[in-house]
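A, B, C and D are the chain letters, set down in written order, and residue numbers restart from 1 in every chain.
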Amino acid sequence: MSHNIFGHLFRFTTWGESHGPAIGCVVDGCPPLLELAETDIQPFLDARKPGTSRFVTQRKEPDQVKILSGVFEGKTTGTPISLIIENTDQRSRDYAEIKERYRPGHADLTYDAKYGIRDYRGGGRSSARETANRVAAGAIARKILGDDIIIRGAVVQIGAHMIDAENWDWKQVSKNPFWCPDAKAAKDWESYLDEIRKSGNSIGAIVEVHAENVPAGWGAPVYGKLDSDIANGLMSINAAKGVEIGAGFASASFTGVENADEIRMDDGDYTFLGNNSGGILGGISNGDTIVARMAIKPTSSMLSVLKSVTKSGEEIDVRTKGRHDPCVGIRAVPVAEAMLACVLADHKLRHRGQVG
Amino acid sequence: MSHNIFGHLFRFTTWGESHGPAIGCVVDGCPPLLELAETDIQPFLDARKPGTSRFVTQRKEPDQVKILSGVFEGKTTGTPISLIIENTDQRSRDYAEIKERYRPGHADLTYDAKYGIRDYRGGGRSSARETANRVAAGAIARKILGDDIIIRGAVVQIGAHMIDAENWDWKQVSKNPFWCPDAKAAKDWESYLDEIRKSGNSIGAIVEVHAENVPAGWGAPVYGKLDSDIANGLMSINAAKGVEIGAGFASASFTGVENADEIRMDDGDYTFLGNNSGGILGGISNGDTIVARMAIKPTSSMLSVLKSVTKSGEEIDVRTKGRHDPCVGIRAVPVAEAMLACVLADHKLRHRGQVG
Amino acid sequence: MSHNIFGHLFRFTTWGESHGPAIGCVVDGCPPLLELAETDIQPFLDARKPGTSRFVTQRKEPDQVKILSGVFEGKTTGTPISLIIENTDQRSRDYAEIKERYRPGHADLTYDAKYGIRDYRGGGRSSARETANRVAAGAIARKILGDDIIIRGAVVQIGAHMIDAENWDWKQVSKNPFWCPDAKAAKDWESYLDEIRKSGNSIGAIVEVHAENVPAGWGAPVYGKLDSDIANGLMSINAAKGVEIGAGFASASFTGVENADEIRMDDGDYTFLGNNSGGILGGISNGDTIVARMAIKPTSSMLSVLKSVTKSGEEIDVRTKGRHDPCVGIRAVPVAEAMLACVLADHKLRHRGQVG
Amino acid sequence: MSHNIFGHLFRFTTWGESHGPAIGCVVDGCPPLLELAETDIQPFLDARKPGTSRFVTQRKEPDQVKILSGVFEGKTTGTPISLIIENTDQRSRDYAEIKERYRPGHADLTYDAKYGIRDYRGGGRSSARETANRVAAGAIARKILGDDIIIRGAVVQIGAHMIDAENWDWKQVSKNPFWCPDAKAAKDWESYLDEIRKSGNSIGAIVEVHAENVPAGWGAPVYGKLDSDIANGLMSINAAKGVEIGAGFASASFTGVENADEIRMDDGDYTFLGNNSGGILGGISNGDTIVARMAIKPTSSMLSVLKSVTKSGEEIDVRTKGRHDPCVGIRAVPVAEAMLACVLADHKLRHRGQVG
């Protein structure tokens, strides 16, 4: 069962609501003797946190993480690592009026249908605020993976505006507020997103994440496949509507000859002449870069007026005030990186467990 | 852990290799007192089985399922249901020459990298033959879901040839060898696939599955979401490279207003004016039809010659003889239906467990 | 995997070390709409807390629990309930000298063997302090079970001093510092334990727990049996060395005729003429009172001098200063009750999930 | 969830009823490249099988195991190992009359209470026949553990007749039909059991199992403890009513000084001067021999007449004809050994996974 738990040997449990006193995460199964401090986790949280540009929500949360257990004298002990992040900038007032209203695209209606109760303040448990925990867990996962394995992500499409893959430059990603690897596209996105934001609308996006230098052999056929676990992890991120590995949906249009990643020898080791597989064959890593993409729907919260209903069945017009991301896909990048890191850390340990 | 197990409360474990004596599946957690016989399962296996047209592999397997336990006097007893399907048409000879060769796109190389050993006959454990077990488990899942919940799928794209959604007619699906809901497209695909097949090539496809009449409230935030479990299940199918829910990747191009499935009242119940969500909000079903799609890459086995290497690092040209599907996406439809059924059956029980 | 997680549908994850800033627990899978406040949990923690008599450790911990999530307007929401208890009376000084020393009977040596590191302060993760979390989770489990199901425990033996079962009176349990249901035995234990304590020694005990009014049908053959899950839960408690159900080890000496709990009808329902089964047959509850006992070894920490070794392999004499329970079995009663409650709550939900 | 699954990284799923066509077991997570053939498993099944002496049931079952998957050219491949054992000597006739009757001590009543249906033939799923699967899985677990780790068990008590520990000689175990390590006790048991058997009665027993040469460091605090997993495994065996580790229940009577396993150095390594701990401290192996005992109740099936009821609530006298073990504890030895082996194999892999 995994209601609020992700992973197997390396696993984390998250808890907390958007407007409760705090959110947090318990990381279980971490190997001992890894150097770990809050300063290893904080930079990743800072990268995800709101309020960093006008293109993301203006909620101000320092997202300061505290380690409450599992680390002793600067090293992991192999016991559970409890992480806590206090909520400081709740404005529950903003949400009082949605208490009885169902916002289209949100989980208001479905939480009520399931549980008969919901913490409506800021989306409660369904708030993207929960993803801070994933980012924190991901920072620990990176420690398990070691420095050789590089996990990084980028936004490759906002609305219909794709990057030009020819322009891809990882260094650009931190130089614009969009995690965009294409300097030219980033420029275009700026005015486009301003327009979206000002019109009280929102827009979708596509995020791409890579894991480089993953050794061949991780993954577990047939129901613990590396790609199915990645799909599971990415699709569990708020607003995700699609996941693809390597060529993904494009491979539907390929012939076998086009799709084949042919293999040659290079300096004593095999090498692939293409990476349509996204680094995974038969659910197991093949040594090439792991590539995954996910589609993030436009933020459901927006100022535009939408038709909806209340809890008691009254037809209403709904308009979501409060502070929102015009394109929630932007802040999804560090979350996607974190989920990929967590899946890989879990599979590293699982592989080592079975195969030694 | 889920190396070879799928699901939680309703779960199944599969075993078996393409060219071993048999394959099978143990279904655990099935509720008692459901009427169940081999005849409830066989039709779904027949729909998946090879050799039914010239567009699928010519291997002849009756895929006759036997129930070995868990059913007494025609009813499930709540104990494990063991299903077995004998392999009858192995021609291991065909595969002898791939013993030392890595076929591009296959799991040959990765199984060796992981385990240091592989049953190379017919792909061994990585063969799509394993999916017969999923189909069998799915037939039992359907029993748990009951007749009201309709689960069905179709091929909506082969190569670059999409169906016209306007022509969608479920009745067409069984009238052509492609599971195609668009009679006109089916016609075009026939000549297209013949051409692919004759050229010794293969082609990708997109499969779409629907689940109608799923009640609102199934699913479990945040790491047991209905959509993340569906993504996990579909992505675990052989050759799957992408999964999307509802509008999926298209939602990246949508604005919030375009994407919003507005809500109105209809005859005392709420109704959605669109289904971009694919029937799932916040990981929980909203009562609308659940819609998922998956991308299936072109069959990696084909007659065309590809560059590859051997186990010992020698560069070779490889050409896969044997009997293969020119478009493995076709036979993926009943498998995708089955996985969707299994995820839903599991969530039905999980929801009932937590919420009553 | 269950390194630090207990249960399946109703499950909890604990974290924290004896001398860290806090300990805590995340309860996942709790049904929604149960009334829950700190005041529902605190009384159980107060019953377990140290410093309540001269027969238990003099560490002063208020063990004040705080609910950080999962409860909204006084009711559970079905999302994770995060509980935290601050550590306030750590005296890590006391433990500095055991940094390099292995105390016989403790986990010092084995944690080092496993992890190559340990938080030696107060036993770190292996401290019985962890059990406060179990008690907190157990209070929530009781809510799930409802008021009809009564779970209560008692100490039935300290050292070689058993109670006289004829004298059993549940009301006595709260009237002496030993959770003893036999007023006469409690009196004897007082002087006996004073003697043990003053001699710098410690002593073992046996705890018995009952669950009354559990309906027939809970449990899950054959690897989720109610009794095997109870055995798992009780044996995971610090210092537990044995678990038995019903007649337990005594049944080894019984003939089949002596052991048989014969069945008769009583007022339209069946009734058992004995309860050697401890309320469980074939791993499933039979409707009779569930009875389990566990053996608790004497506290390993004591003032008496013992032969041991250091981390670096030097032979030493070790003597454990600090504040300790002369009979740790006493404070184990609320912990055993809690574990029984958690197992039953989990099985209630699991049964409902499978059977409805 | 673990309805019919045992273990985590090394896990097995069992299926089958006493009078169905077969029983079986799927072993998942086994490391690759272990040499494995039916002949590695069969001797353990032969040791458990019925009909080997007049002191066990006269049902004749060859218990011939077949490997259906997961082994290729004599070696494990890391994929699921499916094992099947056909049922050949069902005499369902014998059981027809218990269709409507509840045999005291059996699971008849509780299966009906839980599921509303049961396969009454020979106890169906609750039959001890299921344990053959455990023995088969255990044989594979031994392969994982390697030859250095010796797992063996013995009956140490039948009825009130204990062995004299002074006489313990492992070589005796195979020289009498009781797995008795004390030649003198074995002699006494012979006449004692003949008497029990002829009187149509049955008797309980205590089984002790050892695992020698387990390295220090296996186990996982605090909810995956080696001892709690052993307790879980042993208590899941049919008719088990108690489990203890090391001194077990006797430790309740010990003082701390008596119970302490003091530590000294011996040839550069630490050594314990006693083994009251049974080789486990804080849930982790300490390098000493792991010692566990379990209490097995007397066989519930016997010729003596007992009071009971029918499904429809009629009071009856019940007398179980058929072929039964007068002391089911005898055949429990290889089962207990197997469960201990499985727990250890799982923990070996889990430890390797987390700690490397």
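Heads up, the rule we're going with is that a contact is a pair of C-beta atoms (placed from the backbone, for glycine too) under 8 Å apart; a residue touches a chain by one contact, two chains touch by 3 or more.
In this text, all values refer to a predicted model and were calculated from it rather than measured experimentally.
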Seminar exercise, completed: Hopping only between chains that touch, the fewest steps from chain A to chain C number 1
For this session: For copies chain B and chain C, work out whether under half or over half of the interface numbers are shared, and give different or same accordingly.
Result: same
Exercise. What is the distance in Å between the mean C-alpha positions of chain C and chain D?
Worked result: 26
For this session: Could you please state the distance in Å, as a whole number, between where the Cα atoms of chain A are centred and where those of chain D are centred?
Result: 46
Exercise. In whole angstrom, how far does the Cα centroid of chain B sit from the Cα centroid of chain D?
Worked result: 39
For this session: Could you list the positions in chain D whose residues touch two or more of the other chains?
Result: 1, 3-5, 8-9, 14, 29, 32, 78-79, 114-115, 125, 221, 350, 354-355
Exercise. In their complex, what parts of chain A are in touch with chain C?
Worked result: 1, 3-5, 8-9, 11, 13-17, 20-24, 26, 28-29, 32-33, 68-70, 72, 75, 77-82, 114-119, 124-125
For this session: Note which residues of chain A are touching chain D in the complex, please.
Result: 1, 9, 29-32, 78-79, 221, 349-350, 352-356
Exercise. Hey, which residues of chain C end up touching chain D in the complex?
Worked result: 1-6, 8-9, 14, 102, 104-107, 109-111, 113-115, 125-126, 130, 157-160, 196, 201-206, 215-225, 227-236, 238, 240-265, 268, 270, 273, 276-278, 280-287, 295-300, 302, 304, 306-309, 313-315, 329, 350-351, 354-355
